[in-house]
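In what comes next, chain A is part of two complexes: it sits with chain B in the first one and with chain C in the second one.
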Partner chain A sequence: MKRYDLIVIGAGPSGLSAGIEAAKSGANVIIFDENARPGGQLFKQIHKFFGSKEHRAKVRGFNIGSQLLKEADEAGAEVRLNSTVLGIYQDKEVVVRSGEAITHYKADAIIVATGASENMVPFEGWTLPGVIGAGAAQTMLNLHGLLPGKRVLMLGSGNVGLVVSFQLKQCGCEVVALADAAPRIGGYGVHAAKVARYGIPFYLPYTIKKVEGTDHVTGVVIAKIDQNFKFIEGSEKHFDVDTICVAVGLSPMSQLMKMAGCEMDDNPKKGGQVPVIDEHGQTSVPGIFAAGDVSGIEEASSAMIEGRQAGIYAANYLGYIDDEKMNEKEASLDAALDGLRQGMFAPSNRGKKIEKTEEGIDISENLLAKGYVADDEIERFPGVIRKIGIHPVMECTQNIPCNPCQDACPKGCIKIGSKITSLPVVDQTKDCIGCGMCVASCPGQAIFLLNENVGDGMAEVTIPYEFMSVPEKGDKGVALSRSGHPLCIAEVVSVKSSPAYDKTSLLTMRIPKEFAMKARFYKSEVLAKTV
Partner chain B sequence: MNKVVDRSLGDREFVKGADDDMIICRCEEITKGEIRRAVHDGMYTMAEIRRYLRCTMGLCQGQTCAKLVKGIVARELGVPAAELEPASSRSPMRPTEMYIFANEESEEETGVCL
Partner chain C sequence: MEVRIEEHPILGEVKKGRKVKFTHNGKVMEGYEGEPIAVALKAAGVDVHRYTAKNHSPRGVFCAIGRCTDCVMVVDGEPNIRTCVTPLREGMTVDTQYGTSAEPFRDELREAN
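Our next item is the complex of A and B:
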């Protein structure tokens, strides 16, 4: 039997954060994780995070994971990988399997941060090889360097479905369509726009009718559904695919809590079976705490803050920090958490139909139905302006808690203000120098630099570019619209990359000026026939 | 399952569904029809369903199918899924070979004993 002050189960964003805070207070901490690599889902997340600087906005997920690991190490928390917690027994005894050994550990407090697992949905053919979770596809791509398939249909338009669709494209897979049984796109509009720009069609409200194949997936039929989830005759669409990715939500992996005797609550709003916790993350069993997705599905940024809070509560329970210090630390973390829980995607707004932004601007209906803001809608948003000379255009049309663009501009052209969910505004009295820091810093890839008149009837549009084989100056390709529709021939006039851009290249394309407000993507393939 | 106590569903005729042949628990190869029929046979709780059919008892330990099985049982009973109590959680949380448990004693204890 090995003794520690605190055992943390799960080395994801919340578990690591919890371990760090508790260890910093002086507690003797061990963190177990069943995976070979720590960081939970963070190491799969190659996109830049939303939020503000304190939430590590615009840092890529896997880099946040590395930072947390380093911090855990410096704080003196032990992280044990390939170590599966098999059970929690009386008096906070924990049994851990590592390799072929079984070891017993005991602690005065336990923080369970086991996260969530993917939901599945059954349809004809769902057991065929080739039907996988979107998270599994992301693991294959970003941890193991394997393609799950070549032609993929994505089911589910929440952030997981949208982000993984984009990453599949980044890896060279063809995503034939995105279908969702809900009538509206569930994830962030900016994530949807990245996918739509590539010409991937959204089908809403559609779901899978059947998957074809005998020993593996060879095709799929989707069909439109009515309000009673019944298929509408004649709406079927067929696609040849070898892979179906399912992104239909997550469920808390809370079984260890139930085993430990914690009072549980089946709460559909939190994703399923969650422990009942008090304001200090403590379950009904004194000394057992919960943090992160296991106590209700949210996302990684809030899981990190909840983890830190749980670490502080556990340290207080163990006697390492007094109430005063706990309250002080808690208050500052609460403020950070409040910042994340604002806007139209806040937990309190889940399931509500929002028709106007906080500024009173009509939400783009086209964005919710098709994944992109229509040409006749875009100019009503405050970040989209027309101006002589180079200037930023921010196609940020939903109130999400994110503000890196405001800090990125060295000239102060971009204003969000103190409310983190406000839509960015261009300060037209300030002069844009075209440095592109705003373009590279936007986690939603929603900022573009426009010079609407460079002479000879041409305009230049600078776009964020995050694909392999970056085009070179002088290359000619096709400019695509927000919906991925080919518009015109585009000539690459500059490609910039800098360590400050963190692997986002800035590609400037020259196009006829009538397309300046429409062209939002560059495709290298020769598509002359379709233009 | 606290709120559902009436076990008279057996009187209701079992109507075969078009998708009854669909496998729900892939580890134990249990179909939707088998789960629905089990409810008609009087299995009203997840624990009973588990013992009767072995679904959610396979390699994945219900990680994939428990939520689906619960949904089917709840629909058949006509109650919200949240009202059905999930089956017990037991150690080992992950499938573990017996010989590894058998090794337990031989592991040298290096830590401080209580």
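Our next item is the complex of A and C:
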């Protein structure tokens, strides 16, 4: 039997963070993970993260993963891969399977950071090859360089469904529709807007009636549902697809905690069976802590903070840091966690219908139903202004904990203030120099640069562009509206890329000025033939 | 349909291992060393990994991270190998799994004949 001070189960964002903190305090730490590579799901997350600078906002998930691994290594936390923890037994004894070998380990404290697994909903044909989890699509695309299919229907409009739909498009898959049984889009409006700009239709409240095919998916029928989740006759829509992606939520993988005898709570707001934990992340079994999605479904940024806290609590439990030091470290992390748990998508608001922003502005109903803010709604938001000369237009219309745009602007044109969920405001007294740092910094791709009059009745719009075959200066294509509707011919006047933009190109297109407030996407001419 | 991504807009060039040969139901196929078996199969157009014991219904990849076990196959004679998390090696034999065996069910055999 091998002894350690602390065993961490799971090398995802929270497990790694926990191991780092505890190892830094001097504890002897081992982290187990069943996968061949560490990082949990971080390495498939290619979008820029939300939050503030302290939470590594605007850094892409996979880069955060690399940073955490380096940090764990420097702190001296041992990471053991291909090692499945089979059980937690009495006196914090753990049994680990690695290949054919089974090894006993014992620690004085355990942090369980096993994360979550994807949910499924049954429908006719749900077991057919070609029906895959949205996470599987992400794994294929971003880890293995493989398209999961050519024509895809996405079920579920939470952040996972939205983000994966976008990532599928980024690699050239066609997403024919996005359906959700809920009457409103569940994820961030900015993620929905990125998908809608492509013209991907949202069907709400719709769900899958049946999937067709004998050995593989060949088509799907979706239908509208009533309040009792019954299909409405005659509302069926058929799509030829080869793949169905299911993104209907996550459930905590809390089996190990149940096995360890921790008191459990069946909590739908937290995603299912979670351990009961005290304010120090400690379960009902002294010395066993929980962190990340296993203690309630949230997202990677909060999982990292929870992990750090659990590492500190465990270090205190083990006697490596005193109460004073623990409280001091905890206070700053608490503030950070609190910051992330604010706004419309805060865990406490789950399931509630929010009608006004914190500023008292009516929420865009069109955004919740169709994925984009309607033309007659957009100008009521404080980030959307009209001004002579180049200026940012921020189509950020929900209170999301995120503020990289404020830090990105070297001229101080963008103000969010100390409350991280506030809508961004354009300070019209400051002069925009058109550097585009705000456009590239926005994880929601909701910032555009506008010059509403460049002469000859034309305007210029700069958009973030993250797709294959980046157009070149002089190319002509079609400008698309927020709903993906073709508006007019657009000429590319510049395409900028820079290490500071982190793989987001800034494409500036010239269009007739009456479309300046409408054009938000560029479709190249080859593709444009199909519009 | 070509399903391999050569260059990803964010991740850049997709790194691949050495090209290796393996067999699927006796047929020689190619894939890249170290990638999951399921990825090599998908790239070669194989979607059905197994047929269930009771209803003989086809199954393929669902979660792709080794959790759901829907993609198990008979690999080098051993059944129930999770192909989505098992790295491909030169000369592997990968066979469709019927129940827990590589032997097709009688009705499937009849159809094949």
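Structure notes:
Assume the second predicted complex is superposed on the first by the 524 of 531 C-alpha atoms of A that agree within 3 Å, B and C clash if a C-alpha of one lies under 4 Å from a C-alpha of the other, contacts with A are read in each partner's own complex, and residues count from 1 in each chain.
We adopt the following convention: a residue touches a chain if its C-beta (ideal position, glycine included) is under 8 Å from a C-beta of that chain, and two chains touch if they have at least 3 such contacts.
Everything quoted here is computed from the prediction, not taken from an experiment.
Of the two partner chains placed by the overlay, neither chain B nor chain C lies in contact with A:N28.
With both structures placed on the common chain, the touch criterion links A:N119 to chain B but leaves chain C unconnected.
Of the two partner chains placed by superposition, A:N453 touches none, neither chain B nor chain C.
In the superposed model, A:K503 makes contact with chain C only, not with chain B. With both structures placed on the common chain, the touch criterion links A:R3 to chain B but leaves chain C unconnected. Of the two partner chains placed around the shared chain by superposition, chain B is the only one that A:Q255 touches, whereas chain C remains out of contact. Of the two partner chains placed by superposition, only chain C is touched by A:F467; chain B is not.
In the superposition on chain A, A:P129 makes contact with chain C only, not with chain B. Across the superposed pair, chain B and chain C both touch chain A at residues 34, 117, 120, 127. Remark: chain B residues 19, 22-24, 26, 32, 63-65, 67-68, 81-84, 86, 88-94, 96, 99-101, 103-104, 107, 109-114 touch chain A in the complex. Chain A contributes residues 34-36, 46, 60, 62, 117-118, 120, 127-133, 135-136, 139-142, 144-148, 150, 170-172, 214-216, 466-468, 503 to its touches with chain C in the complex.
Residues 1-3, 34, 84-87, 89, 95, 97, 100-103, 105-106, 117, 119-124, 126-127, 251, 253, 255-256, 258-259, 264, 266-268, 272-273 of chain A are the ones touching chain B in the complex. Residue ranges on chain C touching chain A, taken from their complex, read 1, 3-11, 14, 16, 35-36, 39, 42-43, 47-49, 57-68, 70, 84-85, 87.
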